[in-house]
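A, B, C, D, E and F are the chain letters, set down in written order, and residue numbers restart from 1 in every chain.
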Amino acid sequence: MSVTLSIIYLIATVTFIVGLKKLGHPDTAKSGNLIAASGMGLAIVGTIFIHDLEVPTIIYVLIGVAILVGSIIGWLIAIKVEMTKMPELVSLFNGFGGASAALIGIVEFGNADISATSASIVATILAAIIIGAITFSGSLMAYGKLNGSVKSVIKIPQYNIVNNIFIIGVVALAAYLVATGIDSSILLYALVAGGLVYGVLFVMPIGGADMPVVISLLNSLTGIAAAITGVLYDNMVMLVGGILVGSAGIILTIAMCVAMNRTLVSVIFGSFTATGGPESANKAMGSIKSTTASDTAIMMNYATNVIIVPGYGLAVAQAQHVIHELEELLTSKGVNVKYAVHPVAGRMPGHMNVLLAESNVEYDMLVEMDDINPQFNNTDVVLVVGANDVVNPAAHNDPSSPIYGMPILDVENAKHIVVNKRSMNVGYAGIDNELFYNAKTAMLFGDAKKVLTDLVSELKNM
Amino acid sequence: MSVTLSIIYLIATVTFIVGLKKLGHPDTAKSGNLIAASGMGLAIVGTIFIHDLEVPTIIYVLIGVAILVGSIIGWLIAIKVEMTKMPELVSLFNGFGGASAALIGIVEFGNADISATSASIVATILAAIIIGAITFSGSLMAYGKLNGSVKSVIKIPQYNIVNNIFIIGVVALAAYLVATGIDSSILLYALVAGGLVYGVLFVMPIGGADMPVVISLLNSLTGIAAAITGVLYDNMVMLVGGILVGSAGIILTIAMCVAMNRTLVSVIFGSFTATGGPESANKAMGSIKSTTASDTAIMMNYATNVIIVPGYGLAVAQAQHVIHELEELLTSKGVNVKYAVHPVAGRMPGHMNVLLAESNVEYDMLVEMDDINPQFNNTDVVLVVGANDVVNPAAHNDPSSPIYGMPILDVENAKHIVVNKRSMNVGYAGIDNELFYNAKTAMLFGDAKKVLTDLVSELKNM
Amino acid sequence: MKIGILKESTKGDKRVSISPFITKKLVKKGFEVFVEEGAGVKSLSEDAEYEALGATITSREGVFKSAQVLVKINPFDKNDLKQVKKDHVLISQLYHKSNPELIKAIAETGATAFSMDAMPRISRAQDMDVLSSQNNLAGYKAVILGAYEMTKIFPLMMTAAGTITPSKVLIYGVGVAGLQAIATAKRLGAVVEATDIRTETKEQAESLGAKFISVENSGEESEGGYAKEASEDYQKRQKEAVNKSLFQADLVITTAMVPGKKAPTLITKDQVKQMKNGAVIIDLAAAQGGNCEVSKLNETVKIKGVKVIGTTVAPESVSTNASDLYAKNIYNFIKHLTKDQNFEWDLEDEITDETLIVKDGVQRKN
Amino acid sequence: MKIGILKESTKGDKRVSISPFITKKLVKKGFEVFVEEGAGVKSLSEDAEYEALGATITSREGVFKSAQVLVKINPFDKNDLKQVKKDHVLISQLYHKSNPELIKAIAETGATAFSMDAMPRISRAQDMDVLSSQNNLAGYKAVILGAYEMTKIFPLMMTAAGTITPSKVLIYGVGVAGLQAIATAKRLGAVVEATDIRTETKEQAESLGAKFISVENSGEESEGGYAKEASEDYQKRQKEAVNKSLFQADLVITTAMVPGKKAPTLITKDQVKQMKNGAVIIDLAAAQGGNCEVSKLNETVKIKGVKVIGTTVAPESVSTNASDLYAKNIYNFIKHLTKDQNFEWDLEDEITDETLIVKDGVQRKN
Amino acid sequence: MEELIEFISNNLQIVYIIILAIFVGVELIKSIPAVLHTPLMSGANALSGVVIVGAILVMLHSDPTDYLALALGFVAVVLGILNVVGGFAVTNRMLEMFKKKK
Amino acid sequence: MEELIEFISNNLQIVYIIILAIFVGVELIKSIPAVLHTPLMSGANALSGVVIVGAILVMLHSDPTDYLALALGFVAVVLGILNVVGGFAVTNRMLEMFKKKK
């Protein structure tokens, strides 16, 4: 390999590392992405043009066409698709990567004189094929699930056992091929098919909410497939890049599980137990979305206007000092913060006033209901802390509700609503709250003091 | 090289990485050190016994004796020396490492047929020698400075220029050797001498307070020397281990500068400006020691009894909410926390009471002077926040002082005293405070609110 | 529609049922407002102010003559009723459950009467709920009164001349008044304890920083947010649980009530005798018979160094705020009862139904 | 040594100079203590309590006869002096700068007199500093008194019946009393502003959450921690700076004093007239002539809806704490003056020197 | 096992590279705010498209007459570049929300 | 420059290893509490004693009659092991202060 190409690969590898590193921080993520992308571009261009092979023009043309076509399609899809469809798109693209790896393996299997090739190379080729195939079909499956096109969830007991026996069979077949050095395309295609089937079987039983974890896992697998292909070609950028993606992917997968309060094992194997969580709280009203302190912190950090709605729960949690800290922190970051005080929030007239005065919240940060209601339109994030009835739209919409006719804080007009409470329990009036099922609402479950403390520390790290 | 040895080296390398990683967290640091040490032991034993050379017994004996002698001496020194002498010891050991690298280079220079050896290998050998020599003499110099045996600080202007010309000369000589391939031991020894002299010159002008930074920097150099030697022998454990130490060392050096609020450049080149800092505040009373939020946090985290002494500065900074948070956090970590309230702390009777009541500090956490004074004996850390006169021992010791005869909080009896204030300014009574110059006292400068907030976040990360 | 604001005739009451600010709002909405001369003086609202905002100042008789709707805070009394005519609509507090004669007298005039204190305790009625708005102020003022009467200060102070220990405050009844009393005493630095028959008040009291004294509670629950009368057994258990705190308290504020019933006796004379020398009891339930056996309305009884102050005047003593809030309540209530400045009553509606005590001379509730 | 505790004869003063707790300490140290009958009753300390702790209860005459050291809070008056003899040592507040006749009268008896209010304001004298200990309580009680007198509540409250805006409190003089007043008003939720002639008080006021109204201040500085008399020019500038706040204030508390001088007049009648209807002024400097032009000691003057209350009784009204603190001050002072229960005065010592006004019939200070 | 050992000794430096790369990957990603999980996953996904390099190599090495290999290689390149371009573009879009306000 | 390029192409994997190791070192150390700076420095110092391996190799490869080399090697081993043993021991002592209380 030419020295220039080596150096190009080296540079690309470094851009991958730096890019990944920068992707880990909100402020630098964008530039990280660009850096990694340009490194990738460099590696691709380098690979095409710097080599000492005699390559017929037609092949260049084909490569050019392939790249052009793929780029345009990829670009268009990425640009056109709605924001909410992003995760399934990632899954789709990931599947393509896996397919690409599998195809390379298939070609190389064809090219190589298997019986004469060293066992380790054959093993490498087969690994690339199997992993690539699994990733491909698994990702498509995940795509379908997120998409809503695949709905069925297999619910036979001992499913996992069947699943595991199947993959063991596939691996055994591969091992047999490696050991014997048989050059059989039938067996090869059997392997490919096995991988494809396993990918489907693997993803099938996992619930929709867990899909992101699965995608991350499959993504990690694609990285490994790329690395294996790298070994095949003794190509450092593929090797290192693949390994990076592989290891980072695994850690990311685990981090996602932790953030969802689950273990990786329970995501993959626990699929027969309840889909769990407060999701199942009120089927009639739709489903709720829960969020994390970390996500909320980011959202608030990048917001221009934030309104805090304190309620009785703030008093119960005695979180007045922390909320003041949060407000000060946001203000120091240039966010415009106000408190919307509903006249009957809490359990006595002026309850919120006493509470917030205790933590020295400036009086002019507290805004009365009538004055703040028109401002919600213009608000990026509303943080509802331990309030319930005072933000219940049933007061407007539901004449049968005991609170019908009571004026409320119109938090629904804000761009994002984050509601902190400990559970889906009702408030004083004893009625459900539609707001929690609003598409713009994310629930941030937990004791207000704990949650706000987390928010503060997340914000401090940004 | 035998496969076994390769694997041993691989394992050792991994232990180095894991060890370093664990050293970065207080709870795991000890095990990290042990892990790295056992990896090192493995590598050493492996090197001695696993090879396919014909080695005469006498050499084994010599190696054995060397290791035995070195180990015993090293162990004894490390065990015997007082805790306060640790940094200079590190410097000393580091110098030995550098010397070892230089010696290896010298031997290899002798062994090699220089004119016939590739330029890159010669360059490698010379680099090991020069860097090793610089580290050796520089570390000894640093040792001497910390030790007090070397006191003189050269104060000629343009010193740096002289210094830089000198090292350029040394490098030029080395480059000449590499380029011409002359096998001259005189030139070699000239190089060695040059390295040694530069080491001394480099460290000479740097002030005592900056020594830890210099040691860290030299340490990083030793790592690089080891890595270079590793290249020489194509020895992976030396290479990777050395690079790890080299890069980690540089980052650590920078981190230390940041923690001291200095830049690396100002440490190395800024040596002619004032030694700076509040150190120079009151020569008559001795010198003060300043500390960081991070250090204080660790100290408190591992303490059993902590007493907080609030004073007027706490009120000025309006830090009552944060101090309550700190106290709650410490309590939740199993630390026994109390507030010692001096009857005249603040500017009005009951000032501290009003303040702490506002942040909901439980009344029974506040202890009166007479009740708490006997408890200081038994206290690991006293945190004095914005108090001054009420902890001024002049009230006991100095009959000419305007506060003589006033009862004070006997914080001096505690094991460690941390005093937070913004500067060395006096308090209400307008007099200096000996306490700040006490050997047990560390000053934590800054606005109380800011400093306590930092303390809280440091503690949360532990 | 013509609204008349009468001066409060009850001795010591400095409030006025409708403040200038609300007068302005009413006038703006198209109501005609008649104000009795000097009605607002004691709560710092001069006649001129009302006039400037578009109200007509007139004599008492003039108000009765000109206005259809007559508004007061305290119940209409015999004197008032003499001038009430058939088509008058009276709005005030009536305490109809404890005042059957008054109600009868009103019915006899053939007029219509709404009682503000009969407002249901439901979320959407909160802005017309005079009990809440006034009791809230009572809770605050009771603490101020207590602090004023005591010979000790509330907060803990560690001073050069020795440490002052914090005062201990005990609150009976954690309703609106009790909660505000807790909050105020706590703010001033006292150590506050509280007790109530309704178990859900524990969390509420604690959310304001008080220690709650739980009395084992099996049967006695609340009803529609109000307490039911306590059983004798409960009373015994309550005494046991609270006595220790009572005997150490520097200030006791009692607010316990059961709607339509005499206030429960929570502190007997015997208990008072065992209290600390210098302690003060503020009995906010004095008008309903008192929570303390010895308390007398608007009097200070001294027993063995303990001052027992029976009062309800607390909201009157913060007349400016009290009038503003009462006025706002009335305003919301009138808004609720009217459409385009004309009455339109939905008797199915809980609020209208519960508060409409006498309709055209017919008594609806008792 | 024999110490005599006299009952306070000043009308309305409920304090006693030595509390039972300190009596116990004195007795334990070997002093003999004589207590006038009923001396402690008003501050809740019964004779029996003193007796149980080892003191002797006796008549007023008895105390004068038996004791060598006579302790009071208020200055010894003509009546008292009749019974004072040559070897008596009198300890009380004397305000010697404003009471030259009294001092002369004392000197004529040939006795020795210490004045507690002459205590130097130095760190080590703080535990004998009665001005601090009493003014501190005065600051607290002034706010309570104000809150009691007002027709508004202090805190901001956003309620269903409308929002109550927080009361505005303005404090003149940020000494010991002023600071405590700031703290107390702030605690209760008021918006607090303060002003003082001494510039260093800005930081102190702010450390308690008050807004400080700075008056451009060039010449007039403080002296030994006390304020000097303000120049006319300063007074003018002060009015300009403060007027806006004054005219919006709901409660004004004035505490400004200049030692040995008449209290400065900070609020003129004219200013009072421009204040809000319903505002309250508590003038704690009334005994020294008052900070408000119209204030009269122990009276409530009403001017155009503004109540001006001239008082100093504040600490007396928290007599329990006030007596405890005063007693502790006296105890520390006696400890300072004695060695093994015998007097041993070091006239070089600042504390002894400054407080010893009359020595064996010779007046030392004026 | 033996083969593994053999592989290690034959590819010692590769093994080091792999191990070090794993450490780098792990260290880079640990303690990332949850809100970045999805963009990061997406970014990593784009990076895994590095397999495109292999696909290009397949085509470059292909015999122009080996249509099967060419076709497969062609598809592999298309899929690979889809992964790369789409991946980075999607990531970029996701990160729009982190635009710093001034 | 040319030599550098040559070196890189000859030792490509070494270069990767060096670069990756640098990243690992950097990532491991960034954001360490200040109180650990000294122990960490000490631990890193002990690790730099890995040069002992080179010193041992020198001796193993020495001709038993080449006294100079032997002597130098001997000293190198002694100094190296001093660095290693002393370094780890000192670090261990420093870390005593982090003993977790129960």
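As a working rule, contacts are C-beta pairs under 8 Å (C-beta built on N, C-alpha and C of every residue); 3 or more make two chains touch, one makes a residue touch a chain.
All values reported here derive from a predicted model rather than from experimental measurement.
Using the contact threshold fixed earlier, the set of chains in contact with both chain C and chain D is A, B.
With every chain reduced to the mean of its CA atoms, the largest distance from chain B is reached by C.
Centre-to-centre spacing of chain A and chain F amounts to 41 Å, using the average Cα coordinate of each chain. Distance between chain D and chain E, defined via averaged C-alpha coordinates, is recorded as 81 Å.
A straight line joining the Cα centres of chain A and chain C is 56 Å long.
Those residues of chain A in touch with two or more other chains are numbered 17, 21, 236, 240, 318, 343-344, 349-350, 354, 357-358, 360.
Each of residues 126-127, 132-133, 136, 155, 157, 159-162, 164, 187, 189, 209 in chain D touches at least two other chains. The residues of chain E that reach two or more other chains are 13-14, 16-17, 20-21, 23-24, 27-28, listed in rising order.
Touching chain pairs in this entry, ordered by label, are A-B, A-C, A-D, A-E, A-F, B-C, B-D, B-E, B-F, C-D, E-F. Residues 13-14, 16-17, 20-21, 23-24, 27-28 of chain E are the ones touching chain F in the complex. Those residues of chain A that touch chain F in the shared complex are 3, 6-7, 10, 13-14, 17, 21, 236, 240. For chain C in complex with chain D, the residues that touch the partner chain are 14, 43-44, 46, 126-127, 129-130, 132-133, 136-137, 140-141, 144-145, 147-148, 150-153, 155, 157, 159-162, 164, 184, 187-189, 277-278, 305, 317-321, 324-326, 328-329, 332.
Within the complex formed with chain F, the chain B residues making contact are 16-17, 19-21, 23-27, 29-30, 32-34, 36-37, 40, 43-44, 47-48, 51, 53, 55-56, 58-59, 62-63, 65-67, 69-71, 73-75, 77-79, 81, 83, 86-87, 89-90, 92-94, 96-97, 99-101, 103-104, 106-108, 110-111, 119-120, 212, 215-216, 219-220, 222-223, 225-227, 229-233, 235-249, 251-252, 255-256, 259, 292, 294-295, 297-299, 302, 304, 334, 458, 461-462. Looking at the complex, you find that chain F touches chain B at residues 3, 7, 14, 17-18, 21-26, 28-30, 32-62, 64, 68-70, 72-95, 97-101.
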